[in-house]
Amino acid sequence: MYTDLPEGELRQYRSAQTDPTDFDDFWARTLEGSRVHDLGVKLEQVDSRLVTIDLYDVTFAGFDGHPVKAWLRVPAGTVASGRSLPTVVQFVGYGGGRGHEFENLLWASAGYAHLIMDTRGQGSGWSTGSTPDPVGSGPATSGVMTRGIESPESYYYRRVYTDAVRAVEAARSLPVVDGARLAVLGGSQGGGIALAVSALVPDVAALVAYVPFLCDFPRATVITDRDPYKEIGRYLAVHREASAAVHETLSYFDGVNFARRASAPAWFSAALMDPTCPPSTVFGAYHEYAGPKEIAVWPYNGHEGGGVLDEVMATEALAGMLR
Amino acid sequence: MYTDLPEGELRQYRSAQTDPTDFDDFWARTLEGSRVHDLGVKLEQVDSRLVTIDLYDVTFAGFDGHPVKAWLRVPAGTVASGRSLPTVVQFVGYGGGRGHEFENLLWASAGYAHLIMDTRGQGSGWSTGSTPDPVGSGPATSGVMTRGIESPESYYYRRVYTDAVRAVEAARSLPVVDGARLAVLGGSQGGGIALAVSALVPDVAALVAYVPFLCDFPRATVITDRDPYKEIGRYLAVHREASAAVHETLSYFDGVNFARRASAPAWFSAALMDPTCPPSTVFGAYHEYAGPKEIAVWPYNGHEGGGVLDEVMATEALAGMLR
Amino acid sequence: MYTDLPEGELRQYRSAQTDPTDFDDFWARTLEGSRVHDLGVKLEQVDSRLVTIDLYDVTFAGFDGHPVKAWLRVPAGTVASGRSLPTVVQFVGYGGGRGHEFENLLWASAGYAHLIMDTRGQGSGWSTGSTPDPVGSGPATSGVMTRGIESPESYYYRRVYTDAVRAVEAARSLPVVDGARLAVLGGSQGGGIALAVSALVPDVAALVAYVPFLCDFPRATVITDRDPYKEIGRYLAVHREASAAVHETLSYFDGVNFARRASAPAWFSAALMDPTCPPSTVFGAYHEYAGPKEIAVWPYNGHEGGGVLDEVMATEALAGMLR
Amino acid sequence: MYTDLPEGELRQYRSAQTDPTDFDDFWARTLEGSRVHDLGVKLEQVDSRLVTIDLYDVTFAGFDGHPVKAWLRVPAGTVASGRSLPTVVQFVGYGGGRGHEFENLLWASAGYAHLIMDTRGQGSGWSTGSTPDPVGSGPATSGVMTRGIESPESYYYRRVYTDAVRAVEAARSLPVVDGARLAVLGGSQGGGIALAVSALVPDVAALVAYVPFLCDFPRATVITDRDPYKEIGRYLAVHREASAAVHETLSYFDGVNFARRASAPAWFSAALMDPTCPPSTVFGAYHEYAGPKEIAVWPYNGHEGGGVLDEVMATEALAGMLR
Amino acid sequence: MYTDLPEGELRQYRSAQTDPTDFDDFWARTLEGSRVHDLGVKLEQVDSRLVTIDLYDVTFAGFDGHPVKAWLRVPAGTVASGRSLPTVVQFVGYGGGRGHEFENLLWASAGYAHLIMDTRGQGSGWSTGSTPDPVGSGPATSGVMTRGIESPESYYYRRVYTDAVRAVEAARSLPVVDGARLAVLGGSQGGGIALAVSALVPDVAALVAYVPFLCDFPRATVITDRDPYKEIGRYLAVHREASAAVHETLSYFDGVNFARRASAPAWFSAALMDPTCPPSTVFGAYHEYAGPKEIAVWPYNGHEGGGVLDEVMATEALAGMLR
Amino acid sequence: MYTDLPEGELRQYRSAQTDPTDFDDFWARTLEGSRVHDLGVKLEQVDSRLVTIDLYDVTFAGFDGHPVKAWLRVPAGTVASGRSLPTVVQFVGYGGGRGHEFENLLWASAGYAHLIMDTRGQGSGWSTGSTPDPVGSGPATSGVMTRGIESPESYYYRRVYTDAVRAVEAARSLPVVDGARLAVLGGSQGGGIALAVSALVPDVAALVAYVPFLCDFPRATVITDRDPYKEIGRYLAVHREASAAVHETLSYFDGVNFARRASAPAWFSAALMDPTCPPSTVFGAYHEYAGPKEIAVWPYNGHEGGGVLDEVMATEALAGMLR
């Protein structure tokens, strides 16, 4: 059943989220603070049993110089050939990591350079990661959503979004990547991160966000009981007096506010039966998105959204956007 | 938590399933009956956006000549090159189908010819299929497990296993397939089908069965409440008087009985927290398996079993078996 | 809690379902196609231990001449007496069958001839059936709701509704049945079938539909997560591109469209806490119903609706309608 | 899945329940105490719409003279004919009541006089009752299982079992009842009550107990989490110090102890997947049953047991026992 | 997620509950009827291991003179000192009782005389009670909500509310209690009882009702599926014809109607994610409350409401109200 | 229902957990490492509204000198009086914190000095905390159980157990604490921590561990599906190859191994229906406990164990042990 408004009302819905006045300053300062560290990109080819794809273990300096891991996949022999390729930088869904060598073969098989970044401290859920988050936190609920939520400076996603910006910079430092034809892409949390990057790195060539998470927190935290949004509600159910401060923190990380600052062509998807990232929260960001944009609406799907069809449509869209 | 016996007891457990006396006759007759139809293999290359893999839409005549669909994937250019490759014929899990063009890229990326067969009448669950089952059934519970269960002749899996045998024959008819280096492989239902084929096509070179389904029905139907085994229990809860006949039918389709007739080197996996295919049912088949065999035991996993590690270990194992 | 609109809004609600232009043609063709087969009604008295009721095992030719089973119950000695009785032809709920000899004694005990028809391929759920559905299907989700849903011609309910029309014809062929005083009746799926028959056999004398299923598919498929409506949603969640075609097929089988063509006096019921057949879908059909009509609304009930009180009120209503 | 021991072990299992030394005294005193009140049987014919069955509203004096309601059903015209019939006195399952006039037509249709008794204070669950329990209770959990559980004298089932004994006496006072051919019968709670009556009224001619409740409390309260046994566990989870006293009380009401005192031929059933009345608790009573006995074991059923087949088999059994 | 209207709409919502014309008469008669019995307050000091608090076991005559238990707690030595204290009379939540000697230490620790009353027949849930309800009931669902619901005279809460009025009278009879500075207080059911008392004992000095239950039955019974409101719905699902009579009974016990008659300063709380006592039902009473009032709204909480913060805020409020 | 072995078998059960050879070294090194930091105990009286208890906000240097918060509660005026009291140092359950000023009044009300310590990084669940954990972690599942689980050095509980040892040292530094009569106490996680402290601070005078957590990991991780033990299983389901290393880490933190090193008189409790800390895991530690010991077994309780009765019995036990 629909978990949120029907499509007609979604087309009218607008988020109530507002911009903190120092939003741009906050992020400018944050990125500067990490750019004092050298990117330090390391590439190590991995001898997997795959014959059509070359795989590289990537490390670069993310937030505050912390090492962050990623995989780079390219069609076999590309690096040796000296060619540069249109590129997809992918961020992953909540709980997962960059995964195993044998996973995520699509984008390289489709002829892209494909960098998939670990999400720090995650990677013990549906796929594995190898990147620690060396920063602790105050009292928090299970999960990462409330780590450091006491202030924008200490909030977990400050580190993650910065890592993601650095991942784009790391990719662009590689000869095999055609930096002018680089898209950021992801589903769920990955889509939310990609959306943030599309604002923080304004010259990315395209954004793809499937059923993005991390959007429209004021509404998201009261219309679903599913994790991970519910982690915030669970925190506020105990830290009852912290509601204003928490929402103040979240406003620095809300896809709605990033959307207002983006300009790259974008492709979104939303699912009308999604209990995890209810479609109004996606439309909340989509409507604010300042660049050219399209959205696919899946009426009978939950958080899986369009599934492989999201990828098919993204492939079509990127073929145009990265021409 | 463990859903079944601890590993020590699994190593001792033996299935109580017995062979119907005309088991071999039944299957000989069944296969003969379908072989009167020409295999009629049709291959049509599909123009996907993949650059490293060539994809072919395959149709062949399965049980009773009914058309069955599959995908063939090979590293790009292999067909044109005239080379033949070691081959994986894969069967899929319950409810799924051969899937989308963009899915299941692993085996071709690893250098194999890879044929993945639709399961007739399925393919509306977690992945899509395109193959109808043109045969009706008596009163049945939801799902396919009790269709035609009144007799071995009418039982649904008689058609499916025959399709699977024909899929191997179809694969072997192709120049790109090295028929002497052909493995049958699958997880869950796909593993159960592969196990049946390993007995019905005795010269396949290898069997890989991850957490196989369709094994040890006498025990499986009383130790789990999960579908699809539970479909049978739900049927017998209503057709209370049919228990003996139903178990008679099932004995013609039980992996335990096929295992006794197989000879190819085999790699199995089982998971100690699997509520869907409890590990004793897998061990029930494994212990009877007459060929060389290995089994991976995943202590903390449910029906996902080893996940991508099952594939990694299968890749290792096949590298040896198909040398 | 209410699972749908409150009663005031239900009284205003109108379904958005529309008639396909060839709806009447489709059904005329369908019925003609099956009427080429002789009805071939067979009656066999069964020696049960009941002393107040005579029971007959009935077989007749349904869709495409396929044999369909039913029970006929009459007060003991009625057939021998040569009398004809007012008659109830009953269709059963999803998953059930005509049941056991000892079940469904009400209508004969109340002085009616009572024919209760099997639903082909069902009868392994809460009650048993004996009628196979000899027609296969394309890839489908578990259950019957998506079998043959690719087109109206192949859809499962085309066969069922035709069986039901033939059941009325079979009943009327019996001397013990007073064909002018014949009601069609059922609950849930049985109510949906009865509603279809009330339109396809316009001279039935009465319709009783308790909490009917198979009504107002465009709304039903998006406002509940319960089977069997959800089977359709599950199909469309995978066959994402098939939504328009599926809804086109369903429009030929929607009680809303049949209601517009009926003329017999009708008694409906709906329950405000029904999660399976939400009351708006019932009202969707009820409001379109073209004959004289009444509806009982049960505010605190789920899909059990009025339960035995539905039967009591139906008995009252039929006493008037079949006078 | 099996909810308890497999059948082989059930055949060996013996209950640990023991007899309180004054068990027989307690019940002799209890029945005497109520027999000081006149039975005061009142019969009032009800004008239902049924034509094959005559229905009478029955009231009699139960425990302590409290009025208890029942329905009497006989084939139409029997009372007028002056005949007496073999008789079934039925007790109902937990939460239900004697039900509606249209329900429970089987036994009269099969030629029996059929008295179905309300369970005091129940009858607001799956079927309705009209008999209050005018006695209050100490602090109790929801449901009736812990009302008055502080002592055998105050326990709720002391009143219910006494009502049931009085129901047999009331039935036997009626000319239409052949008191020598009287069976007590019931399912679940009704089976437990019938079992108690078979010991307290030693000359009943037969006992039928489908999946009986109220048996083997020491085991029942620790091997299932389902109500109503769990009501006792929930009470003891709070009244932690009351465990010994509660089990002392229960020993006066345990079917195991009644079984040791019964002598009528008996037919039991048990279901191997029954989570409500796990089969070992039924076997606990069955093994102690002192009269001739049979038990049907349903391997794939839950608490529905044999369903209508239990009734079919009971009909067969009673045909023999009440000859 | 919100379980009911958002706060803006709650501020506008008004209950549809109406006053029965003889509401005041009914309660006047009821209280008079019980006041013919002497209060008979008994106090017995209990030798617990607590050193800062003196504990007394209290018994008084409640409804119809039935003995009701409570605990009195005061700071150690207060009674001996002859001082009188501001007082909190507390009623407890559904299923609980006055609890253990070691529980509920807050109010005495904060310097109040604290009387906490058992709820008759309850006290076997999350905390224990010792007060029986010696009155039986008609057929009822599990729980107390439908006991005696056939009429206001027989309804369970008639007895409970009367007990509560008598508890205030009992408290006021004690020298250690300053009767002019007496507050009634409770959460959930306790809040509903306190609300009733605030109308029935108009000179209490303050009311504190956390997430009160027993308010706005017409809406409460249709917008939640949680017990205890659902007990009523479950009853009406079976006793379908009793709806009007049941709602007539409930109107004599609805906090909305009591609120219209109260005058003491009041402090309420409501929680926007409360599935048990949905906030509109609390606001339904709050808006009608005729005395000075405040309400705390907890946006991210369920039925726990403000938890210890409700107590903190109540302490603040009482410090003012009982000055 | 029982979630584990019956009591008879629990009395026989012995854990298979073994001691790592450098267990004692590891802990000696760990404590030394933190003792280089000054304890730095800070006490600040808090002006709560309580009149019988004085409350102090405590801060001390825990693991690696990190500041850790606690509350100290004593009967009002004790500090001013210069007396020293028997003392309870309490650790709290998983997810909670030291809580609110108004909570946990029991031990001070009973005449003890009561120090209740925050668990770092927790305190956003059922009660609040104020102590951050400034140390990050590798990829981890939600919750704290797998943070730093890659090695004993980095494991989360290394920091927590050290904090707890330091809490005892902090308490003993206070004049109001009689260090010779100091007990460590807690339930669930708090019990597990207390058990560790009883070994690491061998001269504590008593241990109270209600239904302790953190015991017998080899068994605990395979016999329950409840968090928090399941967090480890969830981690190992993804990090399949890490099982040996994870269990190696856990062996340094297992209550079974600490129990072997303790000598203080101890009081344990276990509950036979506990799904969170199954009783065999408690008995696993209890049987190894090297000091004088008792255990209360609650047959009908889940993880709430004896609830307030655990506290009552602990009060009795401590009255003896701390004499």
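Which chain is which? They are A, B, C, D, E and F, in the order written, and residues in each are numbered from 1.
Please note the rule applied: a residue touches a chain if its C-beta (ideal position, glycine included) is under 8 Å from a C-beta of that chain, and two chains touch if they have at least 3 such contacts.
Here the structure is a predicted model, which is why all the values come from computation and not from measurement.
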Taking each chain's C-alpha mean as its centre, the one farthest from subunit D: A
Intercentroid distance (Cα basis), subunit F paired with subunit A, Å: 39
Computed distance of Cα centres, subunit D from subunit B, in Å: 50
Subunit E-subunit F separation of Cα centroids, rounded to whole Å: 37
Residue numbers of subunit B (touch at least two other chains): 309
Chain contact graph, described as a line, ring, star, complete graph or other shape: other
Pairs of chains in contact (touch as defined earlier), listed by label: A-B, A-C, A-E, A-F, B-C, B-D, B-F, C-D, C-E, D-E, D-F, E-F
In the complex, subunit C residues that touch subunit B: 95, 97, 118, 121-144, 146, 227, 234-235, 238-239
Contacting residues of subunit E [partner subunit C, same complex]: 221-225, 233, 236-237, 240-241, 243
Subunit E partner contacts - residues on subunit C that touch it in the complex: 1-2, 6, 272-273, 298-302, 304, 306-307, 309
Subunit D residues touching subunit C - in the complex, by the definition given at the top: 49-53, 75-76, 99-100, 102-103, 105-106, 108-111, 308-309, 311-312, 315, 319
